[in-house]
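Next come the structures, one after another.
Below, chain A partners chain B and then partners chain C, in two separate complexes.
After this line comes the complex of A and B, so read on.
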């Protein structure tokens, strides 16, 4: 690996280098557990924190905004112009789970024959500085399970630069040419083999320090793929779902959206793309009234099929879950990923024993 | 880019949310993880609040009706015209010819100033907000039996409770954050008892679901009390040390006939016993009830409070009552005295000392006659006794059930409306004043657990609009009352002097944490999570006798179904804010898309007996009238009951016939028959 060492005191100098030609978003503490990615300015730069809980509002919004203006349309003439307000940005302190999330978005928006130009413009101008979670008290939430999703605590790929706090010194790893170009800065020095060894030992230790949340995907993947999950199992999940959409909104790997036109003046309309959610009843409702997923449990079924079924795992080379734990935090009825995986596994034993599968 | 902690203003939960802003305005919304009420969770409305905030078709200037059309004008002209007309009407017909109707979505500041305007400047007690005609029952029952007319517990108490009893509220649809807490309490092992005619999502989780006939709640709770007493499952030391009137209560409850009550309710007496035992045996228990119960009168609320007293579930963690408010400022509106018979702080209008104290604060002699509530105002308008009305964001056509509000408004000489968007009431308005939206002003709201919270200003309002509270200050000045209130913070300080429970609730104090739960006084500046908790002591609580019930009228043979009026269950599609969000508009109109001309819910067994299929046209007939509608066949509703959603109130009017609207009004059961059309 192309590695360098960095003194903790120089981390902000790295941020300043990035700020020369980019808007840099970095984590800041808010009130209590609320932390945010916010723009670094001269005024707030000293409050930037490396070790703090992962911001709840997912960084996918920097490539896939919650609400995005796409076109301005003149209703009278029918002329329209695309709206682009992307500027070069860097996310400093994006966690490994969220890096995997951005990669999921890349595969969705850019990985097929159709390339989403709106996404592409945001993505091309984004520089990712991944920070590895090393502090079990401050970085790792009780609901994190990236080790189960194999996305963390240290991302292997899909970042431009990765920083890891070894205690007294940071190890920096380049993940792209753009990242490696930064090694020209004077505050990077060569990494020594003992630092690499420290990283290895620290990661092994951190992996063992995750808390209660676990998600044993493989059984759930197998059951879903083989069609062995009963209707009753999905009804158990559906009964606990209050259709808020939160799991979809917070998930780094989710990207449902809807497009709508809004009047902005007597003769002008703007077309916007907004986050949507397959959790919601109207999402699959068709003109004419048919709704293939009208019942809540049918929508839950759909979500976890998309996340875990072998068809998608094969296509994306991973489950569509990064183990960030946000869905556990956001869910009213406690049917986030770990709970659903647990329900499916428990039910497979219960249901197979007593009921024939349809 | 900025991230601002604020309070969601849809429902009475008041979740903590963060708004993300940029030069483009509000660009995102997400939950606060640290907020004690919602702890990282919000509902689909909160997730889309930023879409609503950035809607563009707002009213941008005051509108005055000339030659039949509403035309833009300046603030001075608009306020001047209102002043002129109000003064003329007052001179000719007296101050009681003018009424003030606020919405339960108005902030504390605008509500407080509106009732102050009515009382101290115009000279009338004709003030009301939302559905306070029913809230009256809770205010009366809680004040008499416990001392304070509000939820005794906090929403977070659901984390620690051993049992939850929910009366007739579809939490999953109306207040998902509370619904989630109840489900999680159940998953943690608490007993869940659901009561009501509709089988809703949370009821699916209940250990005991008592699917009662409409209007029978009071019998059910009387039966539960009787069972608890008979089985000795009462909190003796709590009753002895904190309650009065137990002997009389005990004496009367002996006569209660549980089997008879079970029969009236249409549930098995064994299940009632199961519920009573689960509730009484739990180490702590909570009761959640909603306006659906309030509309049935004061007795069912009294019976519920009796159950809490019997089991010692007041004033300890994980226990108590939650009054579910589905509009964000029902609690605050009542606290501000926007009621015809109560001044701020629940002091009666009839109390001369209360009038003198507030009169001194406001520099005026206050009217001593209780005024008209919202329903009565509309009655008076229709009959020509009321001449003018000021609507604070209120759209009576959406919520009025007893008469056609728009017809009543049309009879008035002068109608003023404060609102964000033009709406159906605007067609009768003489002046429309544009207010500012959520996020454009710094004001407070009080949620259902008495938490006074700030909703922050995060963007500038459009030029030409003005915060509603500021409009009232300016208007009062036109009538000669200079209140010297420059900021909403100053209004809050005055509120603290008018309502002793808000005495220490300054903006500085409220902003320090996550608002404060009242009483927030100088000796309790951090607020009060649990009412009536130690060190409060003494025999302050009062049992109310649960009378041996008289046999209420049975459903007559020719009208075998009981009508259930689904309180705002499907109302949200009419909400002007919901209509401005793509996602919310879609989600809240799904039922309307499936049943474009409305619907009446009927159980599959009943539908089969009538040979009616889902979506089929039906005719619903009562003694007062008949309506044609369409069947929605669903197992969510009880047999023998048909359910009509709130917003089809013209249907309800035709079936019920005209009704009274005095305080203490209770909705009587309506019996109907259903025919295939």
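After this line comes the complex of A and C, so read on.
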């Protein structure tokens, strides 16, 4: 392990080093429980905290913005040019679940037959400083289930630098060459085997501090892949869905989008892509009005099918659920991922039990 | 700008050459790419593939490719159904619009070599299948029997009338037409397209045959039943699917049916594949 020790007082100095040549985004406390990713500035840097609840609005928007300008078009001449954003950015304090979320987006947008260049440009200029959730009060929410998703509490890979608060001292682990290069800064000290051992013990302890939420995906994946989920089970999920699309917008692994042309001046148009949600009624409606997926449970279940069917897991080699628990927090109908997995299992097991004995 | 992979969302500039009326609300738009190199590259498409058409300021939509790669000209046949197709209908020859593609798997025409081809189309379902018909006609020696069955609501709704005349007279292929309701000029067959299979003198070989089916959902269901009754199995029947699409390259998520993306895994599927997708169509 390429690791160094860091004094708590020097964490801000690390942020300042990152700010020299890039925009640094970090979670800040807002009103009540709310936290939000914001740009670190001279004015707010002293309010930076390492331990605080993970923001609802996920950091995927720094690689896949909510609204992204793709082309600038001159409507009169039909000439157009692509619009790209290559501003170097760093996310300080991204949680392990969200690191896995960005890795899933990498697999999706950069894999397959076509590479998404808009995503690629954002991703190439993004530096990730992962903070391990170690404070059961402030970091871990009652709906966190990264332990089931095997994405946390400490990410194993896909970050540039990982910080872990061992109490009075931080252990920094490099996950990339760019991350390791930061160890040249004078405030990093040599890590001792004792610190590495403390890290191991703390992680084992934190794993036991997770709360009620559990999600046994493997069973749900098996039921879905074998086609054993009954129509009634899907309907139960569908009946609880209010079609708000909230779960999709807060999900670090969801990535559907729509594309539209919008006027920006008398003769200028921009082609933009905007997050879209499979729960919404118009998602599959074609011009002319035909909609192959009409019933709400068809649409609702689409999302879980897409996330859990073995075919897709194999396609991206990563599950489209990272265990962040955001969908549980925002869902008015209590059909976040853990509830759905439970409904699918309970319903299917009941049906198996009621099969007539021959 | 740093070198990145080519931008797959970037349309290529096309120039509209001429517009031909087909039937009510359906027109054929002949066009060419401004850049001749693009035109050459594009002409390597396969029957059954599609392209994304941009009308700048209105948006983008997927459109199947009715020309065959064996033809010289490139064109789309479009029904005016929404805002972007509506904007396309307002363009005049000489106007610029955008095209990117070709996308999708297309019909594996080379794999069908040595087989009988049965092409069943209803209404504007003939648009994507026109490409297969012309391709088979221009590579006639590669295929055994070639039969076309085409139905429309009325004689006024028959697509590609010039082509139909040529196919009816062409030696080496059969072309059977029908309409749901005839008019005073109509002397041909009246009835649904499936009824043509039992017309006197028609004999459809079941062995070593691929059937192409494309048309509105109702026609699709009944034709499948008729073909089943003739003895065809699900592996022999191929169709091309239509879905709301925004990217054409497997990213936007709109065209997903069960485990398949229509844009990259399709739009051509055998009936056997369609049944295994894991979602009702």
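Just so we're on the same page, the second predicted complex is superposed on the first by the 349 of 358 C-alpha atoms of A that agree within 3 Å, B and C clash if a C-alpha of one lies under 4 Å from a C-alpha of the other, contacts with A are read in each partner's own complex, and residues count from 1 in each chain.
The rule is simple: a residue touches a chain if its C-beta (ideal position, glycine included) is under 8 Å from a C-beta of that chain, and two chains touch if they have at least 3 such contacts.
On a predicted model such as this, the values are computed, not experimentally measured, just so you know.
With both structures placed on the common chain, the touch criterion links A:167 to neither chain B nor chain C.
In the superposition on chain A, contact of A:260 is made with both chain B and chain C. By the touch criterion defined above, A:61 lies against chain B but remains apart from chain C after alignment on the C-alpha atoms of chain A.
In the superposed pair of complexes, A:8 makes contact with neither chain B nor chain C. When the shared chain is aligned, chain C comes close enough to touch A:306, but chain B does not. In the superposition on chain A, A:88 makes contact with neither chain B nor chain C.
Legend: residue contacts after superposition of the two complexes on their common chain; A:276 is shown touching both chain B and chain C.
Once both structures are placed on chain A, chain A residues 258, 260, 263, 276, 285 are touched by chain B and, in the other complex, by chain C. For chain A in complex with chain B, the touching residues are 25, 30-34, 36, 38-39, 56-57, 61, 65-67, 69, 85, 239-240, 242-246, 249-250, 258, 260, 262-265, 274-277, 280-282, 285, 289, 329-334. The touching residues of chain B, when paired with chain A in their complex, are 1-3, 5, 18, 20, 24, 27-34, 40-44, 47-48, 50-51, 54-57, 172, 176-177, 179-181, 183-184, 187, 201, 204-205, 582-583, 586-587, 590, 593-594.
Residue ranges on chain A touching chain C, taken from their complex, read 70-71, 73, 75, 77-80, 82, 84, 86, 108-109, 112-118, 120-121, 227, 255-261, 263, 269, 271, 273, 276, 278, 283-288, 292-293, 298, 302, 305-306, 309, 311-312. The part of chain C that touches chain A in the complex is made up of residues 1-2, 4-11, 13, 56-61, 79, 81-85, 95-98, 242-244, 246-247, 249-254, 256-259, 264, 278-281.
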